[in-house]
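Each of the next two complexes has chain A plus one other chain: chain B in the first, chain C in the second.
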Partner chain A sequence: MNKTRSKTPKESIKKHFLLFMGPVLAAFIIGFVWPFIQGIYLSFCKFRLIKDAEFIGFSNYGKAFSDASFRYSFDYTAVFAVVSLVLINVLAFTVAYILTQNIKGSNLFRTVFFMPNLIGGIVLGYIWAMIFDGILSRYSTSILLETKYGFWGLIILMIWQQVGYMMIIYIAGLQAVPDDMIEAASIDGASRSQILFRITIPNVMPSITICSFLGLTNGFKLFDQNLALTGGQPFIIQSDGSAIKTTEMMALNIFNTFYGSNKSATGVAQAKAVLFFILVAGLGLLQLAYTRKREVQQ
Partner chain B sequence: MKKDIIRKTIYSVVLAFVCIIWVLPVLAVVINSFKVNTFVKTNTFDLPTGEMNAGFSNFVKGMTFGNYPFFKSVMYSVVITVLSVGLILLFTSMAAWYIARVDNMICKIVYFLCVFSMVVPFQMVMFTLSKTADKLKLNTPFTIPIVYLGFGAGLAIFMFVGFVKSIPLEIEEAAAIDGCGPIGTYFMVVVPMLKPTLISVGILELMWVWNDYLLPYLVLDINEYRTIPIHIQYLKGSYGTVDLGATMALILLSIIPVIIFYLACQKYIIKGVAAGAVKG
Partner chain C sequence: MKKKLLSVFLCAAMTMSLFAGCGGSGSAATGTDAGSTDASGDAEAVTETAASGEGSVYWLNFKPELDETIQELGKKYTETTGVPVKIVTAASGTYSQTLQSEMDKSEAPTLFVVGNAAGVKDWADYAIDLTGTKIADELSTDAYNLYDETGKLVSIGYCYECYGIIVNPDLIEKAGHSMDEIKNFEGLKTVAEDIHKNADTLGFDAFSSSDMDDSSSWRFTGHLANLEYFYEEKESGAKWEECPASLTGKYMENYKNLYDLIINNSLTDPKDLANGGHDAEAEFKEGKAAFFVNGSWEYAAVSGDVPNATMIPYYCGVAGEEKAGLNCGTENCWAVNANASEADQQATIDFMVWLVSDPDASKAMVEQLGIMPYKNAAESSNGFLNDAAKYTADGCYVMDWATNYQPNVDDYRAALVAALNQYNADQSDANWDLVKAAFVDGWATQYGLANAD
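Let's look at the complex of A and B:
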């Protein structure tokens, strides 16, 4: 029927480049490549509108580093990311460990724990704002009035949302631990805790690594929940008149610098965004290198 | 053996208790959506009885609350999500097949860029992306899916390429020998094999687009077009005092479909999420 069929499939696929690659390439350039390149360039510029951008070198970066609210948001985000990472992972591992012990109702429990993961960040924020204010109003205070309420409130929210997600990854890891290994150990007289710490945990190390990095990057990139729960409140007014929002994380700080009242700070905001990107991408690359290394070892 | 049964029973009881705690926030939304606004803050954890009972008035009020009809934001959310997920599934799987099979220099570069885009936080591109989208008129619910296709391509292509590489080439070669061209081979031979990955990727992208707040907020003209997350954020944004009862009614309406969808497709959702866990 078709004389060209003697060609290898690869050659004939190649001719359809525009059909197969065209739509994605066009959208990818519009939605990622071009904004990314432009974003890097604008971080070295002074501008209000993109068309009258003026190159000024590294001065935006200097301003970003000397911005007290940005430095504060970095510290706050880092502490938040580490605390939430530890709590979420310990809880998720515990739940996953119990659920893989053949207990009654484990399917139902799994369903319930995972459910909050599907609710969007903005909605989650308002649900928990109502709950926390319902509790705190009895003591005539509010989640918006104290930094520590905002901090721990967001931690509780993230635990509720993320434990189920991490649990799924841990369950997959735990189910892959060879049964005969555990059996052999228990025949040799190992106690339950010895089996847990000497056999189970070393065998699920890859899952622990994945979840740790996921937890860390999720913590750093958090935006919706932060915006909806406290929006950065309460403020501290500094001696120079500028305000620090004490529960504002990095992503929200960048957003507020872009779209806040100071319209001449867009360049600084873009510089902050580049620094933020380097930080998050660095964590991602670290994860990749680490998992690669482990794969070689095994 | 007996000790084992006791231990497992204790585990079950403890987890059952934690499960109840886990459901409480959703329950709090339900009871407060039927409560008169002024009591939401003072009696958050009481049942809406007596004078606190608002019946369905919060739901009625919620429909036009925030000077924007709620059903419109539901409609825009559905349009954007369906179009975006459809575009992403169709075009990224086609591109992934091309990348995996042709595997030349251009393919390697595109694949590298896709993996790279997965570690780039949205804040990095949000300003320039929203300006670009504005300029190209991608700022309506019917055109914003192109932006989602661009920004969401990374993860989808990464997952599809991984799967296509595991399909043996012989099947496609057999189709070619039988006279099937690349387009026919792709749609009639490759797509059916891709089905599990299509479902996984579809669910991940669906959850992302449906819940996404910042991208549509920055790209769309929000006086005209609001998605559900934007609508809910604006209930608080536009007024000093918020009608919490009506807000909870809208939140309940917006999470019910999500929960039904979850209970119906739980198996696929959990599988899809586990498959997407590689994302950094």
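Let's look at the complex of A and C:
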């Protein structure tokens, strides 16, 4: 009797999984898989409207590769992603570590640190642009006038927004570190920093994997905040009058290409988007494989 | 093993989230119209309840300041005729994005705006030939219509406008000057600089703020820039019929004259213009500034507070500019979607005819827009357009909208804004050279890009 009872739910899940998964699966295919396939197809086309796309082969990819602004935005994005990845994770881990040390009011702190994450990127971008300009205008400049202001401004914004989120993941990881291990280490005479680096960090490696993966891909995919904070300004006006947008990241570059230029640019933007996907997916997987090797299996 | 499987599953789930970034450029458009549809909630409800057999109208409007008026008119039209009308207004500066994404939908706009040469290039294939239609018969002039290279009437002007410098004559007199002094750049400069110098004692300044954010920068990268294009065009002896491949930049000095005057004799320090946040219209309305660079569509907004407001031409130091008039032209041109059903096209044209011929409807339109070049449209009471007519009557030349030929207009203007930001922060010759590069060389570059295969 007992045996059949315990099996029933499993069997019924098998039977009815479509009922539960169906809606999500359908939404996923309609909203995700199908547009993705269509997007890949469109990268080989010339089109103004999607419904009358004309197949032209690989030439969009050639144009995407030879676009100096795309290459520039790749470099800029890569630097940004790495810097933000490191800073966000170090800070998030630090905050999480402090807040797991039985501090009074740590729940309040956790809530406050997490809250920026609930605000949308566009809003944040405009608010921070005002904050930065409020300060910079005292020095007769603006975040739109210097590439370095735009870069560090975006870093500060992202740290403010992301640290709370990553902190939650780290807190979960830190709380799962077995107390007896730490106790044993301290009885054996390990110092605080030894405990941190030899026991705590190896044990929270899964959290670090997740956080660094999220940090890296977030850095690469960043769009809203970039658009709202600087929109790519300042530009370097070259001698032929064309402009390199010095704070334009890859996603914004793709967006600007798609909407900014002539009829054939939509396909080029689509090709850029496919390249962008390959790049981000590849990087993410590489990074995942590397960090996973360092995880401790408990 | 179980754990490994779980983590593989988790990482697959996460990888999937990357797809979002990639599909973005195709589907990002849905995000842009979210902001623009807010005003159309009522109109959409109308669409749903009405009969679907007889055709309907969907107008994608590009002028936010017109939205309120046409939403009302749309409702009224539905009430009297039963034809559903949906009107969506694109947020400021996002019209071309919104158009692109809306046109791809199955319920695409039946009526949209193709206002310049670049628009014709992009959208001619999707517009019907309006030659001989009922709306074309209503026109009183052909001057504001746009044709493609095959001679197809792609879009049809529904109003024309003018821009220049809006002046509050009362403040000029308060400052001890008179409007008669302002007949050329020298006169304008003397008055503006004098007002700015004495701004503290007068309680008002010469020019209102010239912000460089999206909601305001077009006044300088689009409109003010017209003086350079126009004088080049004038010098060439013939009206531009298509976008020239390059500019000479001969009148950049004149653009600089007026631009410098505007930013340096203003309420706002030029260094604070980059991110915007000032309300130039309010500054002018509240009597804090005597000059306001804008167009005839502002008449309805400012004439209540500044009943004597008048508009003067862009005086910029060109020889013979005492005979200059206002910048007259339009970007307000209607095109009808060629892919819409015949019933929808017919309903749309009927709606257009109603807008330009019904006494009440055309009156409401005219009050917002200026003059409508149609036989049966209401007379305009727009003071600025009357100013424009007066200049013409006095034998002054009209500065036509050569600006409408700006190639790849969004990119071109974005580069110009960036260069002007640098210049506003530090008015050095080197920075002006950047502006020149964006203005003159940028034209040729963007022309090349726009005409590439």
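The criterion applied here is as follows: the second predicted complex is superposed on the first by the 243 of 298 C-alpha atoms of A that agree within 3 Å, B and C clash if a C-alpha of one lies under 4 Å from a C-alpha of the other, contacts with A are read in each partner's own complex, and residues count from 1 in each chain.
Following the convention adopted for this analysis, a contact is a pair of C-beta atoms (placed from the backbone, for glycine too) under 8 Å apart; a residue touches a chain by one contact, two chains touch by 3 or more.
None of these values were measured; they are calculated from a predicted model.
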For A:Gly105 in the superposed arrangement: first (chain B), second (chain C), both or neither? first
State whether A:Tyr165 touches chain B only (first), chain C only (second), both chains, or neither. first
Go through the superposed model and pick first if A:Lys10 touches only chain B, second if only chain C, both, or neither. first
Chain touching more of chain A, residue-wise (chain B, chain C): B
Which of the two partners, first being chain B and second being chain C, lies in contact with A:Gln238: first, second, both, or neither? second
For A:Ile143 in the superposed arrangement: first (chain B), second (chain C), both or neither? second
In the superposed arrangement, which partner chain does A:Ala190 touch: chain B (first), chain C (second), both, or neither? neither
In the superposed arrangement, which partner chain does A:Val280 touch: chain B (first), chain C (second), both, or neither? both
Identify the partner contact of A:Ile201: answer first if only chain B is touched, second if only chain C is, both if each is, neither if none is. neither
Now for A:Phe113: first (chain B), second (chain C), both, or neither, which partner does it touch? first
Touching chain B and also chain C: which chain A residues? 32-33, 35-36, 38-39, 42, 50, 130, 133, 137, 213-214, 217, 220-221, 223, 251, 254-255, 258, 269-270, 273-274, 276-277, 280-281, 284-285, 288
Which residues of chain C touch chain A once you look at their complex with the stated criterion? 3, 7, 11, 14-28, 96-97, 100, 103-104, 121-123, 125-126, 271-272, 274-275, 277, 408, 410-411, 414-415, 417-419, 421-422, 425, 434, 437-446, 449-453
Given the complex with chain B, which residues does chain A contribute to the contact? 1-2, 5, 8-10, 12-17, 19-21, 23-25, 27-36, 38-39, 42, 50, 95, 98-99, 101-105, 108-123, 126-128, 130-131, 133-135, 137, 160, 165, 168-169, 172, 210, 213-214, 217, 220-221, 223-224, 227-228, 251, 254-255, 258, 266, 269-270, 273-274, 276-277, 280-281, 283-285, 287-288
Residues of chain B touching chain A in their complex? 8-9, 11-12, 14-16, 18-19, 22-23, 25-26, 28-29, 32, 40-42, 44-45, 87, 91-92, 94-95, 97-99, 101-102, 104, 106, 110, 113-114, 117-129, 131-133, 136, 138, 146-151, 153-154, 157, 169, 172-173, 176-177, 179, 181-183, 185-186, 207, 210-214, 228-229, 232-233, 236, 244, 247-248, 251, 254-255, 258-259, 261-263, 266, 269-270, 273-274, 277-278, 280
Quick check on the complex: what are the chain A residues that touch chain C? 32-33, 35-36, 38-39, 42, 48-51, 129-130, 133, 137, 140-145, 206, 213-214, 217, 220-221, 223, 231-235, 237-243, 245, 251, 254-256, 258-265, 269-270, 272-274, 276-277, 280-281, 284-285, 288, 292, 297
